[in-house]
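See below for the structure under consideration.
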Amino acid sequence: MNAADTAFVLFSAALVMLMTPGLALFYGGLVRSKNVLGTIMQNFFMLGVIGVQWALIGYSLAFGPDIGGFVGSLSYIGLSGVGAEPFETYSKTIPHATFMIFQMMFAIITPALITGAWAERLKFSSFLVFILLWATLVYDPVAHWVWGDGGWLKSLGALDFAGGTVVHINAGIAALVAAIVIGKREGYGREAFIPHNLPMTVLGAGLLWFGWFGFNAGSALAADGIATTAFVATHLATCAAVLAWCFVEWAFRGKPTTLGAASGAVAGLVAITPAAGFVGPMSAILIGIGAGSLCYLAVLLKVKLGYDDSLDVVGVHGVGGLWGALATGLFASTAVNPAGADGLFFGNPAQFGIQVVAVAATVIYSFVISYILLKVIDATMGLRVAKEDEVAGLDLTEHQEAGYSL
Amino acid sequence: MNAADTAFVLFSAALVMLMTPGLALFYGGLVRSKNVLGTIMQNFFMLGVIGVQWALIGYSLAFGPDIGGFVGSLSYIGLSGVGAEPFETYSKTIPHATFMIFQMMFAIITPALITGAWAERLKFSSFLVFILLWATLVYDPVAHWVWGDGGWLKSLGALDFAGGTVVHINAGIAALVAAIVIGKREGYGREAFIPHNLPMTVLGAGLLWFGWFGFNAGSALAADGIATTAFVATHLATCAAVLAWCFVEWAFRGKPTTLGAASGAVAGLVAITPAAGFVGPMSAILIGIGAGSLCYLAVLLKVKLGYDDSLDVVGVHGVGGLWGALATGLFASTAVNPAGADGLFFGNPAQFGIQVVAVAATVIYSFVISYILLKVIDATMGLRVAKEDEVAGLDLTEHQEAGYSL
Amino acid sequence: MNAADTAFVLFSAALVMLMTPGLALFYGGLVRSKNVLGTIMQNFFMLGVIGVQWALIGYSLAFGPDIGGFVGSLSYIGLSGVGAEPFETYSKTIPHATFMIFQMMFAIITPALITGAWAERLKFSSFLVFILLWATLVYDPVAHWVWGDGGWLKSLGALDFAGGTVVHINAGIAALVAAIVIGKREGYGREAFIPHNLPMTVLGAGLLWFGWFGFNAGSALAADGIATTAFVATHLATCAAVLAWCFVEWAFRGKPTTLGAASGAVAGLVAITPAAGFVGPMSAILIGIGAGSLCYLAVLLKVKLGYDDSLDVVGVHGVGGLWGALATGLFASTAVNPAGADGLFFGNPAQFGIQVVAVAATVIYSFVISYILLKVIDATMGLRVAKEDEVAGLDLTEHQEAGYSL
Amino acid sequence: MKKIEAIIQPFKLEMVKEALHAISVQGMTVNEVKGFGRQKGIREVYRGMEYQVDFLPKVKIEVIAPDDKVKEITETIIASARTGRIGDGKIFVSPVEEVIRIRTGETGEAAV
Amino acid sequence: MKKIEAIIQPFKLEMVKEALHAISVQGMTVNEVKGFGRQKGIREVYRGMEYQVDFLPKVKIEVIAPDDKVKEITETIIASARTGRIGDGKIFVSPVEEVIRIRTGETGEAAV
Amino acid sequence: MKKIEAIIQPFKLEMVKEALHAISVQGMTVNEVKGFGRQKGIREVYRGMEYQVDFLPKVKIEVIAPDDKVKEITETIIASARTGRIGDGKIFVSPVEEVIRIRTGETGEAAV
């Protein structure tokens, strides 16, 4: 047991917790003002729903003793036995409950990311049912595959430092499915969907960036050199991605935008997540450059592909996560982290192959289960609000509130 | 001396400090836009006033050597002798000054909580005089009773991990008195008092939640299992309270609201505060459910009782604090924290009785002294701004500023 | 190596990182709404630009092996050799990379401070070129002089705990030069330049205050008594400066303002920065009182002197930094920090003289180089946007965005 | 038909609305405007700089009504909007030639 | 010359603008207003307290046009703004005596 | 009495106000509106998507004045609001039948 590591992981958990309100603001600023509360609410409420779900069952499904490489058993249901003693399997130097609460914050933010895809049109009740099922049937198992002792992807040797597959690809794919199944917003393509409050979005991006240090460095579970490596890589990749996104749009569209800088930051943070503790600073910069440019192009492509992913969850988290997971297979280096592996650029092409498998498995699983869940909910309780409610805005019709009375 | 504990308590202090700006936003969003600055200002200014008061005299009154169980002596006046050596009585592993600054942040936010009760009508000069006197004559002694070595409630065995009585009941009762003595806002019951900026309120709630980890976990004064227990209990109670508030209003009024989610979060944070380091995770969830539902009902009751507690300090902090203090007497368990005590549900009804005494003492003392102070100020300098100033808004009339020029 | 110190410095770095988004909001709220994004963008983008610049070359120029007391060598270019082992010269107990990333955050926020001087009129491309050159030619060398092993001011014995000269005087003087060279805003003196969103500014001030604990306490590079001293001094000076600014304006103009409280806070934070780890709490309060009153007067003076420093970088950071650097030569005490020195009030007038030299050197160097850089850029690519673009606002003309569509 | 425009103090809106409702005015359109007049402006201070704000927040109410209701309406507005202090505002009456209800196409008195 | 004022549902603005553009209306001025009429208001709830909001967001379009274009314009507005539900709004037509283009000083029909 | 409505560029408001004040116009009411006209709109870009914003921010000034002051007022507005570039705006003059000061009940010229 080590007090420094405990302090480190507890504060990391606090920082990751702050990411969800940060995300609420990031997304909230991007919608039209009649939907600002509806958007914020889904994120804020997520804290409550998944917090309780995780304590009751989620944690056990993800980190309970392995069942067939696929899911954890129910031993830790209701957090029984999750106390002040260290959990040898995952973190020898901190209380088991410290590890549990840190992981809880990841479980909360992952489905929160998806909410950007269906913004401005999903029924709140259907939202609630979907995310509860998704957390239980998608997030918890996939977390087990990748991070759980005995999880099949972990056993395979897949590297995912802080959640490129589990968090970002997972959420990005669910977002893609949601955008397709739920359909376009009323007026899409005809009206202008202009962000109603970009300073709020930038504030959200700032809080995300700040919180992400807890997300990535905290994933070292100890205040050591690896935590520092992850911290530095996180920051540099993000810096580089801000530059990349803005310079690409400067070249393509004539001006660098503030929303571009904020979006680039998130893209960089996403992409470095799986790699953070395995790569050196210059690799981090390259990963960031890739993230900023690829995600920008992905976002442009959306219009061509014709689905309405309102806030670009697919373009930023899906594509950024994909790039990050693969880039980990390129840039990982045992010189940086002996507990990791070498990537393709460090002479180990096999690792790249393993990453591809991990990505493919997550994509397919997330796609299929998300699709089934959404279709079932659509058939039973319906996914969308009534057309006139959508026009009037979710704040008024789903929550009987107005965001602003300036 | 332990560097990890020092780092832990210092960052906890920083997090608690952030709660006051967080509260400023939480409250600021709830008032009408003509009072946004007046409301924010009282909170922000509190940092300055009570920071200096605490250094000059407050700390000594609260944590100086005991005088008759009632108050601390003046030994630490001007922080003399409060330096880098540990303060054996309270915290052996961190510098005395670390303990002092952590406690300062509590002294600041407590009177800040009260400002919600008199929002939109109190004179700034009277505000200043009141909170200085209240901090010195109410907060400092009560903090000594409950936390001070030799304090009579501490000696009695009352449990208050991070300030259910000292902070929340204390502030909630002062708020009740203030709402009664100061009277209703112009137009109360006739005009609509609609929050002018709910995203700002949710941001405030997010920062409060984040900072509260420092408040509650930091109160362990060491980065250990108890800190983790407090952290986990804090989060889970809050999650549960968000759900409880929203589901109750969903049932009663037909829709869950964003303001309900934010209010539920604060209610949960309040209620778990005294219990945080003494209860297990499932107890925390139950405390949160109680907090969310009770505080919602208390807020509804306000209208019936006929006082104008503008931002529901009584309903959320008073009632939430009360429930939390009593619930500590129900759910506390020595299995969770051997340094605590067992509550009624763990076979020790006496503890519940002690909690009742602590609550009653705080309620009576805070009520009486707050009442006298407010009456004296009203008689001498007056409490309210002129009626036409209230109509024009405090931003313009008390501070010569406008919140927004969008 | 010490995990507690590593955790402490990593989180401090995270807190300092948050100051830049905080500054973006602080400044963003002060401009007119048509320039809110242009202002925020310059700060947010700074994270990207200087983050990468520091990794590639800046860190080496500042902290590489000394060349003639003036600048660091290129040994650490691209962060080569900056890894998990401690850097004996500066920080024995934490990884070299931890020290590097903490320092990076300082390099980012310093040029960000300057952006307030040219707000609402500078071309984004010219901004970019200027800050890159300024960081490389001004910040990096001056950081070496004061903090670098072998740096001439450090060798002289100048005290600068967390950046009074390096950060604040440096930025304040560059701001003065910029205001003079770039000229006044269109309509200056004729139209009202009223802050468009003061709640945003107060939020920014709150985040700055919070982050500054990392800035100042983190500069101890260890979670110990000195870190606590710096933390306490930071908080108390800021509290006192809030009071001082507001009481002075209350006396002069009849009302205390919210913007005054926020400005006072920043002034206090600035002034205590060089002194934080060297002075006791009562000295800190005096420094804060000086900061609040002097900076208020300096801001008033601006109008007399006739330059348009849009957001008062000179008055707050220049004058505040100056006062802080000199006050360090007055109030520093080896009783507080044996590794420091005694100031004039503690019997050592020589220290005051040394501080004067450090201040003068920074002022002159920053003035001259900033002046040359700005003149060259003006002659080649031009500094200001076209007059009609300035009237239309930078958000639209430089970034093709609108801040709000409420 | 006439258009009655009343510029009033913002905090009087609720009362004016209710007074008009009481005399069965079925509809009105309201707009936040800024007024400049005899009422002295506001002094705002930012970092020690004083600004005189001459434009004060006002509310403009527009009611379209048949000619024979104009007198009753203006009197009702005066009664409910007056405080007796400078800045109470004005009422303007002007001619309207045609009124159409979009929903039904009705015109004239039937449309209001 | 006439002034045509139309109070419409906000989400219809884009369509009305395009319809007017199609019949070569070259300019218009638009304003966000709040309307009170037969359409029932909104119920908002804050901490359990219900508020009836009677004023609903509407958009007012003003077009100045020569007398002979009035009919075409009002018909176009009706066609593009109607949903058939209560709250669709009204059109008011009133006389304008003079029109001046600030840039050129042109007056009358040449100015619109 | 006449109502003079001027739609101008927002940044010209201060100058127009002062010019009108100089010819002793005692009162006016001002409103932020959006204008659509010959002036080309703004291009905004969000995440690579381009939006053409046709409605540009304008300010509408309303002055009620006696018939014999109309010419002076319109000329003053033209002089102070003109930049010579497209988008300078328009002035409309229309009849007003009655003016009442709410505070005193005065009517006609005494009321403005």
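Annotations
All chains are identified by letter, namely A, B, C, D, E and F, in their written order; residue positions are counted from 1 within each chain.
The working rule: a residue touches a chain if its C-beta (ideal position, glycine included) is under 8 Å from a C-beta of that chain, and two chains touch if they have at least 3 such contacts.
No experiment lies behind these values; they were computed from the predicted model shown.
Using the contact threshold fixed earlier, the set of chains in contact with both subunit A and subunit B is C, E. Counted as hops between touching chains, the shortest connection from subunit A to subunit D is 2. In summary, the chains found to touch both subunit B and subunit E are A, D. Two chain pairs, A-F and B-D, are compared here, and A-F has more C-beta pairs in contact (counted per touch definition above). Taking each chain's centre as the average of its CA atoms, subunit A and subunit E sit 45 Å apart.
Averaged C-alpha coordinates give centres for subunit D and subunit F that are 18 Å from one another.
The geometric centre of subunit B is 34 Å away from that of subunit C, both derived from CA atoms. Centre-to-centre spacing of subunit B and subunit F amounts to 51 Å, using the average Cα coordinate of each chain. Contact of a single residue of subunit E with at least two other chains is seen at positions 31, 44-46, 94-95. Annotation for subunit C: residues touching 2 or more other chains are 2-4, 7, 11, 194-195, 197, 203, 253, 255, 257, 259, 400-402, 404, 406. Pairwise chain contacts in this structure: A-B, A-C, A-E, A-F, B-C, B-D, B-E, C-D, C-F, D-E, D-F, E-F.
For subunit C in complex with subunit A, the residues that touch the partner chain are 2-4, 6-7, 10-11, 13-14, 17-18, 20-22, 24-25, 28, 36-37, 40-41, 44-45, 47-49, 51-52, 55, 78-79, 82-84, 94-95, 97-98, 100-101, 104, 124, 197, 200, 203, 395, 398-406.
Those residues of subunit A whose C-beta lies close enough to touch subunit F in the complex are 192, 194-195, 249, 252-253, 255, 257, 259-260, 263, 296, 299-300, 303, 312. Of all residues in subunit B, only 2-5, 7-8, 11, 15, 32-33, 194-199, 202-203, 205-207, 209-210, 213-214, 217, 222-229, 231-232, 235-236, 238-243, 246, 253-259, 261-262, 264-265, 280-282, 285, 404, 406 touch subunit A in the complex they form. On the side of subunit E, the complex with subunit D involves touching residues 2, 6-8, 31, 33-38, 54-55, 58, 60, 74, 77-78, 81-95.
Against subunit C, in their complex, subunit D makes its touches with residues 44-51, 53.
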